Amino acid sequence: MSAAIELRDVRKNFGPTEIIRGVNLSIADGERHAVIGPNGAGKSTLFNLITGKYSLSGGEISLRDEVVSGLAPFQINRKGLSRSFQVTNIFPRMSVYENIRCGVLWSLGYKYSFWHIVDNLKDVNERTAEILEEIGLQARAQIPAGVLTYAEQRALEIGITIAGGANVILLDEPTAGMSHSETDQAIALIRKVTEGRTLVMVEHDMGVVFGLADKISVLVYGEIIASGTPEEIKGNAAVKEAYLGEEAE
Amino acid sequence: MAELIIFSLLNGLVYGLLLFMLASGLTLIFSMMGVLNFAHASIYMLGAYIAYTISQYVGFWPGLIIAPIVVGLFGALVERYGLRHVHKYGHVAELIFTFGLAFLIEEFVQLIWGKQTVAYAQPELLDFSLFEMYGSTFPAYRGFMLLVSVAIFVGLLVVLTRSRVGLIINAAITHPNMVAMLGHNVPLVFMGVFGVGSALAGLAGVIAGPVLGTAPGMAVVLGPIVFVVIVVGGLGSLVGAFVASILIGMLQTFAVAVDYSFLQFFGHLGLDMDPDGALSDLYTVTIAQLGPIMPYMLLVLILIFRPTGLFGTREV
Amino acid sequence: MSNMSETAGVARKASFLSRYAIWLVPAIIVAIMPPVLDSNVAMAVLNQMGIAVIFTVAYNMMLGQGGMLSFGFAVYFGLGGYFAIHGVNIISEGGWPIPLPFVPFLGGLAGLAFGALFGSFSTNRAGTVFAMISLGLGEMMASSSLIFSKFSGGEEGITTDRTEVPPFFGVEFTTEQEIYYLIAGWVFFAVFLMYRFSRTPIGRIANAVRDNPERAEFLGYSQKWVRFMSFSVAGCFAGVAGALFALNYEIVTEETVGALTSGVVLLQAYIGGIGFFAGPIVGAVIFTLLQTLMSNYTEIWALYVGVVFVGTVMYAPAGLTGLIMMHIPVYRVGRMGKLTVPYARIALPALICALGAIGFLELWQHISAGATGESEIHVFFMTLDYTSPIPWIVFIAMFLGGLWDARRVAPAVADTYGNALHYAFTGEDQ
Amino acid sequence: MIRRTLGLGVAAATFASVASFSAQAETVKIAFIDPLSGGFAATGQNGLKQYKFMADKLNADGGTQFEVIGFDNKISPKESLIQLKRVIADGIQYVAQGNSSGVANALTDAIKKHNKRNPDKRVLFLNYSAVDPKLTNEKCNFWHFRFDANADMKMNALTDVIAEDKGMKKIYLLGQNYSFGKAVAAAAVRFLGEKRPDLKIVGNELHPIGKVKDFTPYVAKIKASGAQALITGNWGGDMLNLANAINSSGLKLPTYTYYAAADGITKAIGKGGVGSVRLVGQGQTNPPGTDEWDATLKAFKAKYPDGDFTQTRIATVMRMLKRSMKEAGSTKPIKVAAAMEGMEHTTLWGDVVKMRSSDHQLQMPVRIFAHSDKGIQHDLDNSGFGLVNESTVTMQEASTPTTCKMKRPS
């Protein structure tokens, strides 16, 4: 089985500061992989490198054996990788429905079409309605996204991310800032919508991580110090020292 | 030839320094507040008109002081009651607001002072020639313009590098988000900078009015050029604005002096082009004729290839 | 027609009539205008309006829908005009069998070509960088049009005689009425196409890129390419408008590509409301009316337009259309009646304030215009003597009094509206 | 200015009628389309005053009454055509324009087209100052009459003076970059080439019209070229700014001009131009020629203390128009035009002039004036300086041939 994503000796400097210092990571198809680590460990930077927002200072990233490092975000997205953002990143002045539809349009091949009328595209509208149902926002479809509640916006964020039908989904702290009950709903939602896809997520909430992930990597100071199943990570002494121990205090 | 170069240098310097007086205020405002103030040149025009009115009653010299102060206060009011109000709608709305303000100022100027050029004259005290060279004279008034501009440049430099206010402004230019965290009253600083920037533009108007003519169209002529200066100079760089001002001043003055065209260039290469052909405009055009386009070509090229400008540290 | 709160469409099952009424009703009105009005002046005003409508809607494809603020959009308008006018001259000299109504295609092609050319390097970024590049390009093209006079005719511009081209079903376009129908036809065609464009995938994605270019990139869209396409298409329709201008006035000069033309289109779009498809249409219609009608009565009409513009930017950033649209929810629940009295209450002092200001400015204008020997002027159909202090005092008092009262009642009126809106959304009073 | 907009028929009394007149006399409206704002406004505003003044003067004699209405064209050909549409919609059939040949070229085309398309609403174009030779040559048409000497006629006279100065070897041409400026440059090159092939043109430059505020760089260039004299057709703000720049650089150079007088220019030239600035024109003011002309100039000054009656041909336009209407017994443009063709007329200052039928170019004596403060009866800009007669070229000598093939409406 080929790896969904593979990082080989990935490095990133900002000026003289090295943020990512040679990360090697291979994530198998269909795996749910969580990246954890203390603040400032470089988790978000790693996401930004994978998705093409930042360019690499060294190393190589491939998606299904195809090298994607050096491509623009939209090019990487077209190869089947989609991401969400830590800070809610939606289209605030457009309706919820349109937010989702923007993601759907590309994947169904309408791309930059200037001939089709969106309202008449049955496949697009059906797919959009499906996703809306999945994320539980059907009732809010016509509301401008900017006026949704925070939890709804997070759900929409995930909805937009999966709307393109990407096989590899990167979620950046999907439950940040949520209450307990909201978090539980979010876990259920993520589990549901990423069924059969590869999931990579950055998360602080250990409950979410251990509830969702098949495998966990621990990133500390730009290096992966451990990688394994939740049980292995729980038992790893180095991790405890560097991260979990700190968390326990 | 030497005389042409010397006089072109002097005239370019006068024009360039005049541009700097406008650009310095604009670049401060732009760097701190992120607002490209379209009305800046209109404020320059207001300075000239107000000084003209003052000169009708008490002569040129009081106007030199009073007009910039009046205009500065006007600028501060614009910031306080206009720009600050629009700020919540974002930068594009601010840009459009200043654009509308420029339009409005021009209309009000026409309402108050009429549509024709007004007879704003230089003071008789300076109505003599400073020196003569190769049979041409250099008017004392231009010397005075040079003097005022240089004094302003030096003054700004001293204030910005030596004083406490200067330190705050410097910090605000390079890190606009940091100043609030240091506990300074940011709205007050903004209002102050807008007022001082306007006063500088007003002063430029006061001294340029008699030479370039005081007419309702004077803002439109200079406004876009000042934008070129600050973009080329670079965001947040007063030195950049200075260098770019002189550069544009020289560029425009020297361009007039050069009658060279592509036709001649091709001629040197041994190519004969038909000077009356259908596309002949493209190669018979002389550098002198291209003078008005050059700053804008520079602007577009800079924005495409070096959006930070020559001396800037941040992108526009 | 709002594109801020787009609806699903699939859910909407509009009958044929109500769906097309929005196009049909204006079409009928436009068609019967000439016999009803029967005036060349009115035709001239309407022709100008039609051209402004296409131009402004095209502009808003960039500003309102694509988030690109251009200060040099006249470039495409003017080039469309130049190409069209050369086209007419070539057609009439060469005896080509191309009738006049097809000439705007030429303008559109020119606009498209130059839109694509300049768009290719100016759409990398939105915001201030884009605005400044557009300003630079605008100034460059305006100056160039004076220098390259073989193409542009320099200061004098290029003129033509539109009746020299082959007649179109016997119509030679000699009268204002005939050219009116040509322009009106093109207005419907162009506005329909532009509306249609806003409903296509690229049109929707242009909105997405406007709102959040980064997010759009992570959905597979190149923000540059999306902007580039909107830009080129907008340039195309600006070219069509420029061509119609050339056909209407039979002259194209450097001002057609100049900064003032670029500024006016921004003014029109913004006053009308850039957030709505219909906004720029409203803006173009109102601006043209102000420009043509108001200038019959006052020399300082542009000043009033400036005041309206700055007022719009400050207090009604959604434009006139926005003011109407914000009442639609209230209207739907039948609560407009509750707003009538408070609105009338504030309209009265506001009107007094405005009349005072206008009277004052008119008096002032007549002083500075310096009409020799006459001290009588006509304001609001009254004859006033501006050397007497009385009209001055009255106008100033009206202005200040109206302003004071309007500001006093404004918060209460705003509250009433807020309550009505609250009711519209929640079904209960606050 | 359109009174019946959108068919509302609102009769706003925007313009008070200029004078009281007898009830039966017909009132003819004349649309004055010229720059009333911007850099050339001074010239346009002064022209409008002269038209209104002449209208009042002629109205006082009884007969056909004139009303002159100003339309601001911002010196733009496009704006002029928009104003022309208003003028036509207002039912005005006489258009007076003079500033900028670019505008005149556009207007003459538009009026020709309009008259062809609307034979019932024809318009007559009274060109009092746009001197591009094209207007009475390849672009000539029946509806256009020119009352000013064209650029060729004027240059012919100017170069006569220059040619006599045997010491003159190098000359510089500077003009505005539009049809008139180009026409002046072309005429100068042609006539100097004919009259003084040895004379070298060391600079032939066109600058953007109305855009240059500071001519100092141009003056430096002229100085550097070693020119002994300057020929310029600049007018309005462009002449004013040029004069200021020449003065402030201390350059003392013989300058041959078309329009370097009044509207602030005479004042700006001041002492520096005495003995060096010359101007080609036709109506003399110092000495005034006739008593009536002297009285007219004085009356104008009394009414408009800040103005000057500088565009003397305006007097001729109005007087010839009134005479044509009387002779035609009609105010219909086609009849008036027919009466005006070939008309011989004595101007207020005593010259005999003739409207040539073949091209509608008024034939007249052309004079060279010198800027001076000696022998001035009527100064300009209230400066004490004015224009004195230096030499006169007779009507026959001043005449230049035309290529016009006049087509008359049947």
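Observations on the structure shown:
Going in written order, the chains are labelled A, B, C and D, and every chain counts its residues from 1.
By definition in this document, a residue touches a chain if its C-beta (ideal position, glycine included) is under 8 Å from a C-beta of that chain, and two chains touch if they have at least 3 such contacts.
None of these values were measured; they are calculated from a predicted model.
When you average the Cα atoms of each chain and compare centres, the chain farthest from chain B turns out to be A. Taking each chain's centre as the mean of its C-alpha atoms, chain C lies 39 Å from chain D.
With centres set at the average Cα position, the gap from chain B to chain D is 37 Å. Centre-to-centre spacing of chain A and chain C amounts to 43 Å, using the average Cα coordinate of each chain. For this pair, chain A with chain B, the centres built from the Cα atoms lie 49 Å apart.
Among all residues of chain B, those that touch two or more other chains are 110, 289, 292.
In chain C, the residues that reach two or more other chains under the touch definition are 143, 149.
Under the contact rule defined at the top, the touching pairs of chains are A-C, B-C, B-D, C-D. Across the complex, chain C meets chain A through its residues 4-10, 12, 196-197, 199-205, 207-208, 210-212, 214-223, 225-226, 229, 233, 275.
Residue ranges of chain C in contact with chain D, taken from their complex: 37-42, 44-45, 143, 146, 149, 154-157, 159, 161, 163, 174-175, 249-253, 255-256, 292-293, 295-297, 372, 374, 376, 378. On chain B, the positions that touch chain D within their shared complex are 1, 3-4, 7-8, 11, 15, 110, 115-117, 119, 129, 132, 134-139, 141-142, 211-213, 215-218, 221, 253, 256-257, 259, 288-289, 292.
Across the complex, chain C is touched by residues 51, 53, 72-74, 77-78, 82-83, 85, 89-95, 97-98, 101-103, 105-107, 110-120, 122, 125, 129, 141-142, 144, 160, 163-164 of chain A.
Those residues of chain C whose C-beta lies close enough to touch chain B in the complex are 67, 69, 71, 121-122, 124-125, 127-129, 131-133, 135-137, 139-140, 143-144, 147-151, 259, 263, 266-267, 270, 300, 302-303, 306-307, 309-310, 313-314, 317, 361, 364-365, 368-370.
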